[in-house]
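Chain naming follows the written order as A, B, C, D and E, and within any one chain the residues start at number 1.
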Amino acid sequence: MKLINFEFLKLRKKSRGWLGPILVFILIMTAFPLTVEILNKNLEQAFFSILWIATLLVMMLATEDIFLEDYNDGSLEQMAIKYDSLSGLVATKIFVYWVLIGIPISLIGALYGFGITRSSESALQILPILLITTYIFLNVFSFGNALSLTKGSILGTLITMPLVLPLLVVLGKVVIAINLGISFLGFLFLLLGILSIIILILPMIISFVIKAHLE
Amino acid sequence: MKKILAADNLCYSINETKLFQGLSFDLFEGKAIHVLGGNGSGKTSLLKIISGLSKPTRGSITKSNKKNVCFVGHKNALKQYLTVEDNLSLLEVDKHNDINAFLKKLELSKLLDVMVASLSYGQQKKLALLRLFLNDSDLLVLDEPCVGLDRKSQDILCSFLREQKEEKKALIFSSHISLDVDSEYINLDKAIS
Amino acid sequence: MIKKFIHQFASPKTYLFQVDRAYPYIFYASLFVYIGSLFWGLFLTSEDFVQGNSYRIIYLHVPASFISQSLYLAMAFASAIFLIWKVKLSAYLVKSIAPIGAVTTFIALVSGSIWGIPTWGTWWAWDARIISTLILFIMYLGLISLHDSFTDYEKADKFLAILVIVGSVNIPIIKMSVEWWSTLHQTASITVTEKPAIDASMLYPLFGSIIGFSGIVFCLVILSSKLQILLREKNKSWVKDYV
Amino acid sequence: MKLINFEFLKLRKKSRGWLGPILVFILIMTAFPLTVEILNKNLEQAFFSILWIATLLVMMLATEDIFLEDYNDGSLEQMAIKYDSLSGLVATKIFVYWVLIGIPISLIGALYGFGITRSSESALQILPILLITTYIFLNVFSFGNALSLTKGSILGTLITMPLVLPLLVVLGKVVIAINLGISFLGFLFLLLGILSIIILILPMIISFVIKAHLE
Amino acid sequence: MKKILAADNLCYSINETKLFQGLSFDLFEGKAIHVLGGNGSGKTSLLKIISGLSKPTRGSITKSNKKNVCFVGHKNALKQYLTVEDNLSLLEVDKHNDINAFLKKLELSKLLDVMVASLSYGQQKKLALLRLFLNDSDLLVLDEPCVGLDRKSQDILCSFLREQKEEKKALIFSSHISLDVDSEYINLDKAIS
């Protein structure tokens, strides 16, 4: 509980940390119609591509110094001394990021979806997908950033991209399902399944990786 | 006298560079050890091993109470973008009552609303030392705690350390300037093979 | 027990001496097999009805594609051993496989692209298997750069092993990609359970080329792991004797 | 001259700095077809949107610590003491970023353009546009980052948004021009004009901003 | 004797906090000034003003040769991700011949291939001091140059500073430990109004 409060305080006060990614998301979603002129049909078709890629990128941006800052200023050291395993801390951190960045972006994404597709149904379908996806992305990118902790986030990106690309494929399928009106519940459960495995395993691996970095 | 820490035949090497070899010592409650050695002799590495952050290449460390270590290193563990007050609230503190007394002693009480980034070097170090002052650990591990402190703050630190020794805490620290604390010495310059 | 056994068996020293003895035989045997199947495939078989002569690049493309995935599996296996039993040798192996895997994947990509020009009329398609091969290639690059970016070898080994294992979730995806998506690319024409879908005159040389190519790559892996061992254990006395 | 060499060395050795953004670009461009399934027609239509937005984002990523790193480790201090004005340094830095990141990305972007639109003509038309655009983006984002140097704030992003959005509109028009086969030279000159003004003025402003930060 | 620096009635305040007021002094070639003062008394601020990084709130600084200042501060200006060798190549150096001699003296010559990030605290500081050692400026401004250095390196630094004084350079430095260099003192604790 204390951990959650701490992480909330830290992330909230660092406006670049949480408001930044959200603004970048809005920027992308706003900018994109500008680039396709006002041929509205194109707009709708490209919308989902942009939505997924924007989500992916913004989660990538958001996690950029999820551990780096704490590593650089020595807080991680202190935590590692205090606790045997850091996986609780890691899970908390990711959760806080999800609440402060993932949820707002999911809501905004669904809102844009409503604005562009003009169908409240598809907007409602996107929302849970986005909520789950952002959480998965946050976990995976955190893993990448943990591995490349001292070496810069981009190495982390390079490492994790192969892991998230398959997810994008699934998301692509979701869009088709939504467009064709096929039930998308199957995908929802698939994503939920992936998420639950990831939530269980990744924080432990990340904690292990971070400990190794601190040596 | 209780043994807080026993180091047995510690060896540490990085990429085939041997820093120290066959280092054995005991640390009892109420005692202090001052780790000496030139730059790069392995003081920080040794202290990290003792606090449990890294593992020795060979040899073993036994601690009486694993979880009760307070480590203050080169890195301050402060959030530059938060105010002094917020940083204090992030500190996990055992002695809540003493906070204000220490802030006053260290002349930080007027700076509560200032961002840590705009504090002076020594003021940041003092803030980091609060972690030590407000903590109730049995084993205090300090890596050059005096760096950047003025005379007055150094005295506060030393008298605090002496108090802690009387309260049966065990101390181990590295420092290039001598501290006014009774202690045994370990010289790492001699431990290099 | 197991741990002790593995450690004894997998000491870099024993490995090196064993490998030195076996290596020439494997190399020449597989070279022979590969060249033999190439000869068979290129000169002794007839033109494909649909694809003309261009299909002959299959003897490079399929072995390379096959081996690039197998190498990854081998790495995953070695990584697991390294993480569980702390066997140094397997860490060296992982490190030495990575660049070779990258090269074979690259060969698969390039040969596929070349093949695509006459058959699909394009050198690139946004096709699931092609993209997943590209992902594999990127993964290899990521692994290499991860290891390279650490000067402390012990850390580097640990991180590399973790990443290999986490990344291995992609292998089934690559394997299955052709079945899951509607694509341009061939589905597996050689499977264990079903009758092969291609003519025997192509099948046997293809088999041979896969085996031969794998053998050659295997030898490359041995060479590179030798190099790795000598590099990493250069301060050990036996290495000095060996050199 | 020495300055250029130094900056080259620094950026080159920091693989996260230059190889990173390029890889992210490649990954976005590669990932995007995954999200639209293989309905190749959609692909082509969304391609340019993705291209511009990817360029924008990657330039944003690339400049993220163009000054921050030097500020944090004290190199900027040293430079400020040595030179009266930092605008030479700033211009050099941006130039080096452009050579090491902007140019490769332009080439790769054009290559993707060729791969997707299958028209070598439009690929050749994209190339100069991309070259100029990346340079403009780098300048503008450097300005934003200089502004928010110490505060870890999103001030920079906020301020650069209104500067960048009009550019995206122009880029959208360029696409239409290319698609309809209208001459795009007008746009090229427009962009060149913008670029030359920016190159002249922004480094001076940035230098001024940085000096103020160092006080 | 040439006057290298003249400070006239310097005042500096941040957000209504006055750090020093009406500070006037001259610095001649071949002389040294040691700036004293507790943590947060404004030493770093003063030295930054002198080196031209910031401007005083009131008062003026006159330097004989504006461009010729060497400043070594709390920040090391090292690239953590580069090796020692690459960092050296980034250093703009006046005395190329002396590099190896100094590296040897400071025991850094064996570490040329090591990334700066893995050097010890003191080794990094020594590397940062090379900027000073290899420089040919008239005015040397040092902000706590001794922090984290072992005894031997401190001596090397001090003897270098004494040499520089003989070569008619002007020095101004802050330090909480006393350096073995003849110098005048400015005490900022007294300058606070």
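Methods note: a residue touches a chain if its C-beta (ideal position, glycine included) is under 8 Å from a C-beta of that chain, and two chains touch if they have at least 3 such contacts.
Note that the coordinates shown come from a computational prediction; the quantities given were computed from them, not determined experimentally.
Most remote chain with respect to chain C, judged by CA-atom centres, is E.
When the C-beta contacts at C-E and at D-E are tallied, the pair with the greater total is D-E.
One finds 24 Å separating the Cα centroids of chain A and chain D. Averaging C-alpha coordinates per chain places the centre of chain C 38 Å away from that of chain D. Centre-to-centre separation of chain B and chain E, using mean CA positions: 28 Å. In chain A, the residues that touch at least two other chains are 14, 148, 151-152, 155, 158, 161, 165, 169, 215. Counting partners per residue, chain E has 74, 81, 118 as the residues that reach two or more other chains. For chain C, residues that reach two or more other chains under the stated contact definition are 128, 131, 138, 145, 149, 151-152, 181. Residue ranges on chain D touching chain A, taken from their complex, read 14-17, 19-21, 23-24, 27-28, 30-32, 34-37, 42, 45-46, 48-50, 52-54, 56-57, 60-61, 148, 151-154, 157-158, 161, 164-165, 168-169, 171-173, 175-176. Within the complex, the chain D residues that touch chain E are 2, 6, 9-10, 13-14, 69, 72-75, 77-78, 80-82, 214-215.
Listing the residues of chain C that touch chain A in their complex gives 128, 131-132, 135-136, 138-139, 141-142, 145-146, 149-150, 155, 158-159, 162-163, 166-167, 169-170, 173, 181. Residue ranges on chain C touching chain D, taken from their complex, read 122, 124, 126-128, 131, 134, 138, 145, 149, 181-183.
In the complex of the two chains, the chain E residues touching chain B come out as 14, 37-40, 43-44, 74, 107, 118-123, 125-126, 144, 147-154, 176-177.
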